[in-house]
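Consider the two complexes below, in which chain A is the common component and chain B and chain C are the respective partners.
Presenting the complex of A and B:
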């Protein structure tokens, strides 16, 4: 009797905690969405609040996204898409090669390179922004797509993940390929790469998300208004002379949507992508 | 069918030379595979690090006028602004660790229980904030922590009879906002880390413990917690270096590197302000190097505690 009673109390505590935290996680999305439908003046007066005039909600702000500020928002969107796609594709190509190379072959310097990968993984990029900025100026990368992508295209986290994945590839295939006269790169691209597809899925999503949301480096390397990505563009709307909430909220909502869709389609790949390194031990 | 001896010899010679070239190729191939990383590391990591070290000993007034000033930049770090940044960053790191380790651990344990219903939905809900950019999160928290009486946080406090507060102009209030923003975005990720750790614990351990009469809380202390040690260490490390290199959260809350009374000024914020706004490249480099050393010390301690060096040595 008492143990059953205890169990019930336990269950109530568990669900109550889970519900409260879930609410905490979801409430901001609700308010971002509602705020995107409200006139910006109300946001300046009241901030984000519980007092919502539901009859005044409308889609006008979304129309402003296309028309307002000479259609700058769609331009930011295009920039973000181009940068994210290019960054993801090149990053997957290079990091899978490196990870595979580290996993399959034995060669001089292998351990050193792998240790460097691990060390670089542990160093925050923020430390490098100043010298990287100087470097970007001297090799003419400022204010270009290339400048955003190039310094961070060979991501150590992805290398680590691909290496772990490639360790379990069947070596017999390597020998079989060699006997058939395939070169090492042909073996990689035609035999091994297809076997690594799940890893490409997880890393592709991780890379696309971090590129889409990337803030610190693009903030520094992108200068002109029409070159900005979404996070930097949205940030630039907040000025000392007035905040364009009419544009900010729908802009923020639209920027979250593509990642949301990816997440809903392939939740598993997201989660396995994000636990890289967590299962190192 | 028998082949004429010459043809057979020729064939085997051909094969031999083919194997020879393959071997040569096999020796080179690995280096070609890792080349992208080596190039990227040298150009975009090692070179910048070295150039910061050099700059940190210089006074740079322009591309043409560079003077070597020894340790002066480092001596200049002894000033109230840097100490304030160090203090803000340390407090922030402390609080994020205090929240973002026990809370996700507890939630992961709840989600890992066989009897919990709707795990999938809870997991998705917890994870969703991790999909947003720091700017989107900052937009919400900036206005939810607004100074008006009507804002979310102030009206919730009003229910408990607490007076509205000007959150983002108060040192404690703004610290709370920064930690909450970080918690919102990282809670789900840490939950996933802990969940993957929990799933690696063999069920038999719990079964034999419950046969021995251990209750759930005892099982948590004696089985779950010790088994999760590697994951906890990992989350601890990323919390420390994430905390010390915090920049974007504060930038998003005050929409720039400046905050009233420097209440949101972190080390990287200070670096940004000195380097990009005040053009003090040498001094900003000294800040960067100091942060680098700080983070490396933490990493080495973590690796040492978790026995990384022992494994490598033996």
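Presenting the complex of A and C:
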């Protein structure tokens, strides 16, 4: 057997294995999609059935999602979008600035601040919930967008990531910017930020995903039904007296779509952002 | 156009490290000054202090008579070319060139006019829409120069701008920068560790070592009359040959003796009062490779200064040949005619042009006589 032939067979085996793994990952999504197009009663009667009557599939549940329960689902959707966008934008802005500052500038206490960032990274979120809740009450943030966004807007993981990325930026650009007449903010926004786009892509997806899927903290802070976010709203459809599958499945499908779009758009930046430390050193 | 004045400049870093030690320098208007020295001698630090990118620990810096110690780089009216070009990768060549002008809120028409003029000078008009990653090293360097030209600054600062280019391109860009200086008639301060660049480009060269200025002079003076052993060895390639010798005074004149060799110094050197304190003492004799000869005519001319040399390696450079050899146990290099028949393993006679001998104090390493 020639080495070229061997390589080809090796590639086929690799691709087949990847295909099986990909199919395995897609099965739950497939059933979620199919179930969202079937009446919820079928789910209660048959459970997850492999016998699919494609002619019986329809978009009735999706219509119900918009119309049913006084149109509360679209409201949850809007809440989730507002919170996710605001959280992601502010988080990227602030953490990139902190990370950049820690990487580029030399100042007293820089190492101490970075050590604190590393230490905070190791503290589980659950430990912070109670003090954060008390703080949220004291500054009147309960049942508000700000209450959900503010406590986790500056995350140590993001700071760490941006710092590592900014360490690889050429310092001469900083000097060139200063000579060209830029102040420090202009250097950051007009010169360095565009160079940090892969990092923004990667952190953008991670932050948006964590914010979109965030459950525990919004559950604690948000109280009124019309302020709920998608995960909490959907969870409220699961009750001890029966689960509203007619809304639950299409709701879950719709909630996956924004993250998928975000990932598809940002895929390239996401991957180059995550591999940067390893490849460039 | 501006003159620069550096008065008692010091740069100290934490840990009591002095990078620049009491630097005094007057750079007249339109001069092409080259700061040259080995790595870590403080030349780049000096340039960065002039640019305002490094704080001056002590001393005063004047640009056109105005003290600028506490003035931000953007307000010093300087432009700088960096070793790695420092072009903004996300901007096109045009955007790179106008960036500094945009920050200064210059009218669009004027910006365009300046960019087109600079692009024409540097022959990069066809590259204006490209991003830096689509340019070769030489093109990037031209864009970096263009970015400075459009600013029309008082002083051009260049920090080893050719060190990332290959040898051929470096030679070409060297000429272009010299031409640019003649054309723009502006003050240039250029940093390099390459003495060849310094010699070919500078109208004035500042040789630095360990943060101290060793000598400030024109290339000709530096080469012909170095002030100490360091300058003599740093300037010139191949470097000057050195050998420890004793100055011996005899009735017929003064001799330099090393090993079994005696070289008679010419009368004007032997009678130089500076030599009087060194009779019967050990000194360091220096002679440039081109002042050593291996042809018959020179043997007659310098009959009192012929030494035996064993050739170790010969290097034919095209227009000349380098002979690497041992003379009385010391390594010597001679730059001779390419027609020379000497080859490795030969023992040949070498004539020394005694008029060109340099003598250095062995202890202080300062020049005794050139």
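Here, the second predicted complex is superposed on the first by the 233 of 281 C-alpha atoms of A that agree within 3 Å, B and C clash if a C-alpha of one lies under 4 Å from a C-alpha of the other, contacts with A are read in each partner's own complex, and residues count from 1 in each chain.
Operating definition for what follows: a contact is a pair of C-beta atoms (placed from the backbone, for glycine too) under 8 Å apart; a residue touches a chain by one contact, two chains touch by 3 or more.
On a predicted model such as this, the values are computed, not experimentally measured, just so you know.
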item	value
Touched partner set for A:247, first chain B, second chain C, both or neither	neither
Partner chain(s) touched by A:228 [first = chain B, second = chain C, both, neither]	neither
Which superposed partner A:270 touches (first chain B, second chain C, both, neither)	first
Superposition-derived comparison: chain B or chain C, residues of chain A touched	B
Partner chain(s) touched by A:170 [first = chain B, second = chain C, both, neither]	second
Touched partner set for A:105, first chain B, second chain C, both or neither	first
Touched partner set for A:180, first chain B, second chain C, both or neither	second
Partner chain in contact with A:129 - chain B first, chain C second, else both or neither	first
Touching partner for A:24 - first (chain B), second (chain C), both, neither	first
Which superposed partner A:208 touches (first chain B, second chain C, both, neither)	neither
Chain B and chain C footprints on chain A, overlapping residues	178, 181
Touching residues (chain side chain B, partner chain A) in the complex	18, 22, 25-27, 29-34, 36-41, 43-45, 47-49, 51-52, 55, 103, 106-107, 110-111, 113, 115-116, 121-122, 124-137, 139-141, 143-144, 146-148, 150-152, 155, 184, 187-189, 192-193, 196-197, 200, 216, 230-231, 234-235, 237, 241-242, 244-245, 247-248, 251-252, 255, 268, 271-272, 275-276, 281, 284-285, 288, 291-292, 295-296, 299, 306
Residue numbers on chain A that touch chain B, as the complex places them	10-11, 14, 17-18, 21-22, 24-26, 28-29, 31-32, 35, 43, 45-51, 94-95, 97-98, 100-102, 104-107, 110, 113, 116-117, 119-120, 122-124, 126-135, 150-154, 156, 159, 178, 181, 183-185, 188, 209, 212-216, 219-220, 230-231, 234-235, 238, 248-249, 252, 255-256, 259-260, 263, 267, 270-271, 274-275, 277-281
Chain A residues within the chain C interface of the complex	170, 172-173, 175-176, 178-182, 186, 191, 194-195
Contact set on chain C toward chain A in their complex	48, 51-53, 72-74, 78-80, 82-84, 86-90, 99-100, 103-104, 147
